[in-house]
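In this document, chain identifiers A, B and C correspond to the written order of the chains, with residue numbering beginning at 1 in each.
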Amino acid sequence: MDESLNLVLFSGTDDKLQAAAVLTAGAAALGKPVNIFLQYWALDAFRTAKVDRDHGLAPEAGAAGRVAVDALARAGQAPWAETFRQAKELGGIDIQACSLSMDLLKLESGDLCPLVDGVEGVTAFYLNAGNGQIVFI
Amino acid sequence: MDESLNLVLFSGTDDKLQAAAVLTAGAAALGKPVNIFLQYWALDAFRTAKVDRDHGLAPEAGAAGRVAVDALARAGQAPWAETFRQAKELGGIDIQACSLSMDLLKLESGDLCPLVDGVEGVTAFYLNAGNGQIVFI
Amino acid sequence: MDESLNLVLFSGTDDKLQAAAVLTAGAAALGKPVNIFLQYWALDAFRTAKVDRDHGLAPEAGAAGRVAVDALARAGQAPWAETFRQAKELGGIDIQACSLSMDLLKLESGDLCPLVDGVEGVTAFYLNAGNGQIVFI
């Protein structure tokens, strides 16, 4: 259990980001270090201008999925960004933007919300991950 | 090879569930323990009322994908639920529903098909996984 | 860092394949062996007849994503197949087609582009992976 969990976040829909946030929070609660690497549409979702907006759901969610997620929001359950914020307070979580995806989306560090700790390349990601688990979401 | 394989199933389309079933069956055939954690649309697909229905394909499948999968069904190849059933007969496979997703989708244990062995939280999932491989599908 | 990275490629959109190519190239640059197992729509994308075509983007990419990716192509950045080609020149990368997916899509070895080294079953994939990281994309 002492090895790190290393999440490559690619998808930018609210349901996948919430799944990622729950996996992160659970690992943090167990004292398992978590390194997060933001690419493509997940990185786009962590922009200050977008982080608290509606990011849609996976296409398969359908109308029933939309109803379920809206009900959750009305019940006051934390959206994914808030789950990440709470998990970061437990410590041991590092969130890095992929430098190639920053270029692709023409983003600067100043465009990213405060949840993001920095920008790094894929090599740095692997060196931090070591032989820990790597999960692509 | 003796470490466990730990699958977080999120997606509920027939193609991804079949891919997950094949990875599960292959691991079981090699005697590798498999822990499965059902979230969101994958959990929804394991409801008794839905498990044997058509769950669609990933959007990228397109018309050609639909034709291929329909041909497979006509050829009598096992759909994913049957592949999971056969794999479970080999032993070493545990399928758990994510308690948070159960709440989100307003499901009770009685709503789930007999393939599902129980309901657990993300912490229990990590404790079972240990340092084994974690795969998100 | 000496353990292998084992990628199960399922998705056939250009953005996910590019993410997979970057993860592969980064691992190869660090001397980390990479085993790639092509299933479903990713396998379809590695056909000689399709490998250099447009494969679309994940549905969540939206119009802004399309603009970003088109701009990248105009800037002369390598599409995913070229990134895989360059990474293979570094050595340590083996790309295998899943035999079950070959049957599903009615493909023969001769249909696949030269990036693909062979066809194997899921058992061979696990035996090569050992206790290395497994990532599903």
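Descriptive notes on the structure:
What we mean here is this: a residue touches a chain if its C-beta (ideal position, glycine included) is under 8 Å from a C-beta of that chain, and two chains touch if they have at least 3 such contacts.
This one's a predicted model, so the numbers in the text were calculated from it and none came from an experiment.
In this structure subunit A contacts its sequence twin subunit C using mostly different residue numbers, the overlap staying below half.
Relative orientation of subunit B with respect to subunit C corresponds to a rotation of 120°, obtained by superposing CA atoms and rounded to a multiple of 5. With centres defined as mean CA coordinates, subunit C is found 23 Å away from subunit A. Touching two or more other chains at once are residues 58-59, 133, 135-136 of subunit C.
The touching residues of subunit B, when paired with subunit A in their complex, are 8, 10-13, 39-41, 44, 55-56, 58-59, 98, 100, 104-106, 121-123, 125-127, 130-131, 133-136.
If you check the complex, the residues on subunit A that touch subunit B are 1, 3, 5, 15-16, 19, 22-23, 25-27, 29-30, 32, 58-61, 64-65, 68-69, 72, 133, 135-137.
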